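Sharing a structure, written as C-alpha cells. Questions coming.
Lettered A, B and C in written order, each chain numbered from 1.
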Amino acid sequence: MSHFPSSTETTSEAPAATSLSPAADPDRLLPADPGTRAIARELLARVEDLPIISPHGHVDAAMLELDTPFPDPATLLVSPDHYVTRLIHASGVPLENLRVGGTSAVEPRETWREFAKAWPLFDGTASGYWMRDSFEHVFGLSREVNAENADALFDELDAKLKSPAFRPRQLFKDFNIEVLATTDDPLDDLAAHAAIAKDPSFTGRVLPTFRPDAYIKFAAAGWAERVEKLISVAGDGLTGYAGYIRALENRRQYFVEHGAVSADHGVRTARTLRLDTTTAEALFEKARRGEATAVDADVFEAHMTYQMARMSVADGLVMTIHPGVFRNHHTESFNKFGADTGHDIPFAVSYTEALRPMLEDFGTAPGFHFIPFTIDETAFSREIAPLAGFYPSVFIGAPWWFLDAPDAMLRFRGAVTETAGFSRSSGFIDDTRAFCSIPARHNTSRRIEAAFLARLVAESRVGEARAHQIIVDIVDAAPRRAFKL
Amino acid sequence: MSHFPSSTETTSEAPAATSLSPAADPDRLLPADPGTRAIARELLARVEDLPIISPHGHVDAAMLELDTPFPDPATLLVSPDHYVTRLIHASGVPLENLRVGGTSAVEPRETWREFAKAWPLFDGTASGYWMRDSFEHVFGLSREVNAENADALFDELDAKLKSPAFRPRQLFKDFNIEVLATTDDPLDDLAAHAAIAKDPSFTGRVLPTFRPDAYIKFAAAGWAERVEKLISVAGDGLTGYAGYIRALENRRQYFVEHGAVSADHGVRTARTLRLDTTTAEALFEKARRGEATAVDADVFEAHMTYQMARMSVADGLVMTIHPGVFRNHHTESFNKFGADTGHDIPFAVSYTEALRPMLEDFGTAPGFHFIPFTIDETAFSREIAPLAGFYPSVFIGAPWWFLDAPDAMLRFRGAVTETAGFSRSSGFIDDTRAFCSIPARHNTSRRIEAAFLARLVAESRVGEARAHQIIVDIVDAAPRRAFKL
Amino acid sequence: MSHFPSSTETTSEAPAATSLSPAADPDRLLPADPGTRAIARELLARVEDLPIISPHGHVDAAMLELDTPFPDPATLLVSPDHYVTRLIHASGVPLENLRVGGTSAVEPRETWREFAKAWPLFDGTASGYWMRDSFEHVFGLSREVNAENADALFDELDAKLKSPAFRPRQLFKDFNIEVLATTDDPLDDLAAHAAIAKDPSFTGRVLPTFRPDAYIKFAAAGWAERVEKLISVAGDGLTGYAGYIRALENRRQYFVEHGAVSADHGVRTARTLRLDTTTAEALFEKARRGEATAVDADVFEAHMTYQMARMSVADGLVMTIHPGVFRNHHTESFNKFGADTGHDIPFAVSYTEALRPMLEDFGTAPGFHFIPFTIDETAFSREIAPLAGFYPSVFIGAPWWFLDAPDAMLRFRGAVTETAGFSRSSGFIDDTRAFCSIPARHNTSRRIEAAFLARLVAESRVGEARAHQIIVDIVDAAPRRAFKL
C-alpha cells in the first residue's frame, strides 16, 4: 500500500483526478509562475520519496513497540492535537466538547461533529493543510469534511483505523520512516526503545531523547520530589547538588547507551550562565526548601543550560533548545485540562547575548552540536543565522511550531540563506505527537524547499544541477549531519 | 453617479482606457503572474461592490449631520492628512506652508502648489496610492498632478467640491457606505449621531465610539479638569475614584444607547494590571494632586485597560486597543502645530505577558470581543495570531496606520493566516479622517485579500470555490462579527 | 577592457553563452514572471552602466595612491573577507588555515584550497553571489571553482592579479567608480587622499570619512593614550574634556578640508543623551583614571553621539551610525585573530526613543543629514521609515551587512517604501574592504531596485515612465543627495 505516492507517480497514473481535494494536486505548494513551477517539480521529484528522518518529536515509543491499534478518529486526530483544538476553542466551543486533556464530557463522535463543523476555520492554516493532506493520502477519503457528512466520515475513518493496514507498525513502514526520535523523561527505563531495537521485524530506528526540563525548572509541579528520586536512583550515592549533577550525567549516559542522539530543553529563554558551584548549590537548596523566587528559577535554568552544554560536549548528545514560549497562558484552562492544551503563546527572546557564556566556552568544542529553535522569527536573520554562520557547533533550528507552515518556512529560508547558506540548518523537524500527520508535514517541507530553490534557480542565483544536489542534502543529509545519525 | 465602478464594469465598458493613470487599471494590485491574476480577478469581482463597513475611523459626525460642504482642495486633502504632510515636511517644506494644525501662514492655493510639487514623493507610498485612486475614481481627474498644472487642478477640484455631487451625504451614498463609526469624547452628547439616526433621508448608520484616553492618561493636558467634569456630570454623586469609575460606566452606557458598538483605547503599551481599589485610588489621587510620575501613569493606564475590559464584558462594547506609538515625538512641532501632525513614531511592544492579567480573567468571557491593533508587525505571527487562535474573545486587528498598505497587508495575511486562519481577524479598518479616501482604502484592502487568496488557490492550499466564500466572509461578515454589527 | 558589460551589450553580443556560470545570465536576480521580468530588464538598462558612487566603505586610500599590486588570490579574496572566512570556519576549518588576522600558519595556496573545497557552502549566500559575479565579470574565469581545479584557478588568478590590467587604478577606472569614500582615524593625516586629489591622472574622487569610535568608546584598547594624543595634537592647548571636544571639532574640520563629506559612528546602540558639561567631564575623567563601568561607557557614548550630531550641524558632515552589533562575540578568536574576524553578531536595537534627544534638538536643523543603518530589519517599517518620513534630516540607511543581499534588499524596499517612498533613502552602500567585489555589489543592488520597481509597475502602483525616473534617482541621485556629493 502506498499511502503517499510521489508526484511523478501521481502524474503518470493520474488517480488524483477523481479527488476534488486541493490536496490531490501534485503541484500543491509549488510556485504559481509556470517556469519556476517546472523547476520546482523536478527538484521535488528528487526528494519526495526519500525516507523520513524525524530527529525530534513526541510520538510514544510504546505505541510502536506494542503496535497498539489507534482509537477512534476524534481521539486520534482531534482531542490530543492542540493545534486543532485551540482554533475550535477560539470559535467558541468549550474544550470539554473536544475531550481535551483526557476529559470525557461528550462522546468521541460528538467531538468529531464539532471538528467537522469547525473544519472551514482551518482554511489557510498549517493544521488544515496537514489534515487535508492526510485525509487524501493517508486515509484516502474522497470527500471533503463538513457538518453534513461528519457521521459518515467518522464511521469510514473508524473502520479504517480498526483495520490492520492502519496499525502503527504498518503505517511506520508505509510512511517510509527511517528514524523517529521520541521525547523522554530522564528516569524512563527506555524499555520500549530497547524492545523495538531488538525486534528484527521492525526495520526503522526509534530513538529516545533526553528531556530534563521537569528536573530543572523549580516551578514545575513536583520538582522537589522528582529531583529527590533522580538523586537516589542515579546519584552514585552523592547527595544534594553534586548528586543531582552526577545523576543527570548518568542518565544521559543511559540514554546514549539506548541510542539517544540528542537532549532537548524547553527553556524559558535562551539565557546561559556560568555560576560557580557554591552559588548553584545554594540556589538548588533554596529551591528544595521551597523558597526560590521566579528570578532564582531563571538564573538556575540559565546555569543548567550551560551545564547541559558542558555535558553534551562530554557525552556527544546533540543539544537542542526550544525557548520563548509562555506556557499555560490561561490558568483556568490549565487547571481544567492540563498542559499542552493550546494556550502556549510565544514571546520575543534574544540569542546573541544570552548564548554568549555558553558559546564562549563550547562554541568551537569539537563535536559539539547546538541547535536553537525559535518561534520569534525576527531572530532568524538578526541573530541565529549570524551565530550559525560562525560557530561550528551552531545549527539553525528549522521553523518550529507556529512557523512550520508553508509561508513561514519560505520566510525562514529567505531570512537565513543569504547569511548562512544551506549547510548550517538542522533539517526539517516535525515535532509532532500526531503520528498520522508525519508524512504530510515532511512532504510539505520538501515542497517548500523545492519552491525556494526553484526561485533561486529561476533568478540565476544557484545553478540547476547544483540545486538538485542541495535539495537532497537539505532533506536527507542535513538532519543526519546535525543530529549525528 | 458611480464614483467607483467595479472592475467588471470597467472591463466591459472600458472607460478607463482614456485615463493614463495607473489607478485606471482594473487589475491594479493584483498579482502579476497571469494565472494567479485571473483567479484574483474573479475573487475581487465577488466583493468589489459590497457596501463599505467602517467600524473604526475619525470622520466628524456633525459634517454628515449638517451636510457641510467641503472646503477647498488643500484644506480638504492636504492640511489635515498627517500621512501627506509629514512626507512633504521631510522633503524640507515647513509645516506652516501646509497650513498644518489650523495655521494660516499661506493661502490654501499655495499649500496646494507645495503638494503638487511634492507629488512625486508619494510614488510607492500608501498615501500616494489612495490619493491617485481618489483622483481617478472619486474626482474623475484626467491628468496626473504636477507642479505645472497645480493651479488648474486646484480650480477644477474646487469647483467640483462646491457642487452638490460632492456634498458629504451624497458621497456617503455614492461610496456605498453602510456603517461608519466615529471616535468621540466620553462627554460628547452625541447629538449629531442622534440627529442622523432619526433622519429618514439618511440610510447609512453613523455610530459613535467611546474613546476615554484623555480621561485616563495622567499626562494628557487638562486631565485633572476633565476628570473633575466627568465625575460631576456623570458620577451619580459619588466622588473621587469611585465617582470616576461610575462616571465612565455611565457614559459608556450612554454611548451604548446611542448606537455605539465599541470603545477604543490609544494606550501607550498593551500592559494590563489588576490593581486593588485602594492602590488604584491612591494613584488617582496622587495624579489629581499633580504628583504622579511617568511610572505611576503607566501603572494606572494598565489598570484602566483592565477596568475597561471588565466594563466591556458587562456592557458588551467591543474593546479595541491601539498601542505602541510614541506620540508627538518632536516637541517643537507639537508646540507649534498640535497633535496628529506627522511625528507619532511606532516602537516595539509585547502582548503575550502584557495582556495576560486581562485575558486570564476575561479571555473566555461570553460575548467579550477584544481587538488588539499593532504597528509592530513582528507581533503578528509571534503573539497576536497565537492569542487569537486560542481566546474566543481575541480578534486580530487589521494592519493599522503605516501597515494599512498593499505590501504590509500581504505580509499581515502571510503572518497570521497559517496560525489563525481567516475567521479570527477583525476585518478591514480604515481608521481615517480623510473621508474622500475611504473608498480607495477599502478597495485597496479588497484587492489585497483577492491577491492573497488567489495565491493560496494557485498553490492548491485553498479550493477556489471555498476562496470565493472566504473573501466575502473577510470583507463583509468579519467586521460585522468582530464589531457586533 | 570592459569587465562589466551591461545587460544590453551582453544580450546583443551574447558572449555569456560560453560561460556556464549562473552569473553569466543577463537576467540574473530579475523576477521570474516573464511580464515583470521584461519591465525589470528595461529598468535595469537605465542604470546598469551608471558610474559607481560609494559613499561608505573600507578600501585603503594608500592602495589607490600607490597603485599597489594586489597580492595572491587567497590573500586578496579570502583571508581578509570575514563574510567568507566565517562560513568556512563554521564548517570546521580553523581560522589559522585561512590566514585570518595576518596569521600565516599555512601558505596562501593552501588557504585557497580550503576556500575551493568550501565553495559549495556559499550557494545561496550574498558572498557567494558576489564572488561568482566577480569571477565571471571581473576575472573572466570560465570554470566554476571546485576542489579539483583549485590549484589551476589559483595560478590563473594569480597571473591576472600580477598583470597591469588588475592594478588598483586600472580597476578603479574599469569599474567606473566616480566616488569612493574610505574610513579613517581622526588623527590620520589624509596624505594619501591629498595625493590622489592632486594627481591629474586619477579622475575619480577618493574621500576620507571621519570615524572617531576608538576615541569615544572607553573600552576600546588604548583609549586613554589615544585620547591623550588627540588632545595634545589638536586640542588648541586646552586640556581634559574641553580639549577633547575641541580636538574632535578641529580634526573634523581637517577632514572637511580634505574632502570628507561624512562622519561614521559604530555605536553600540542608537541611544543619544544630552548630558551637561560637568557630568560629561566627570565621566570622561573617570574613564581616564580607568575607573569607568560599562554603564558609564554607554552613557558617555550616547552623549557623544549627541555631540557628534551637534558638530555635524555645525560643520556639515553627514552623520551615519551603525548600531546594534555585538562585536567580537567569541573572545578566544578575538584574542588570536583580532577584530573583524567573523563573529560580530547583531542584536535588537530600538530607535524611536533612543534618537529622540538628538532629533528633538537637531531633527529639523537646516542641512543636517543623519543616516541610521541597521541590521535589525524589524526596525525598518516600525521605526526608521516613520522617522525618515517626518524629519528632513533623517535618511533611511540602505540594508547593511547581513542585509545587503538580494532577498533582504527586497524586504527592505517592501518595508520602507509604503511609508517613506523612494526619496528618503540613502542610496546603496557597499561598506566593503573587498575592492574587487565593488562592481558586483552595486550591480546586485541595481538589479534588486529594478526587480522591486518592476513589480510596482506590473501591479499598477507606479507608472512605467515614472519608474524609469525613479530608478535613476535611486541609483544616482539618492547617494549624491544624502551624502552631499
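Here is the rule we go by: contacts are C-beta pairs under 8 Å (C-beta built on N, C-alpha and C of every residue); 3 or more make two chains touch, one makes a residue touch a chain.
None of the values given here were measured: they were computed from a predicted structure.
> Quick one: superpose chain A on chain B by CA and send over the rotation angle as a multiple of 5°.
A turn of 120 degrees brings the C-alpha atoms of chain A onto chain B.
> Is the contact between chain B and chain C built from the same residue numbers on each copy (over half shared) or from different ones (under half shared)?
Homomeric contact, different residues on each side for the most part.
> If you average the CA atoms of chain B and of chain C, how many Å lie between those two points?
40
> Give the residues of chain C that touch two or more other chains, as numbers and ranges in rising order.
31, 33, 348, 378
> Which chain B residues qualify as touching chain C in the complex?
So the residues of chain B in touch with chain C come to 20-23, 25, 27-34, 86-87, 89-92, 120-126, 128-129, 144, 326, 329-333, 342-348, 375-378, 402-403, 405-408, 411.
> Quick one: in the complex, what on chain C touches chain B?
Chain C residues touching chain B: 31, 33, 35-36, 348, 350, 352-353, 356, 359-360, 363-364, 378, 381-383, 385-392, 394, 414, 417-424, 455-456, 458-463, 466, 469-470.
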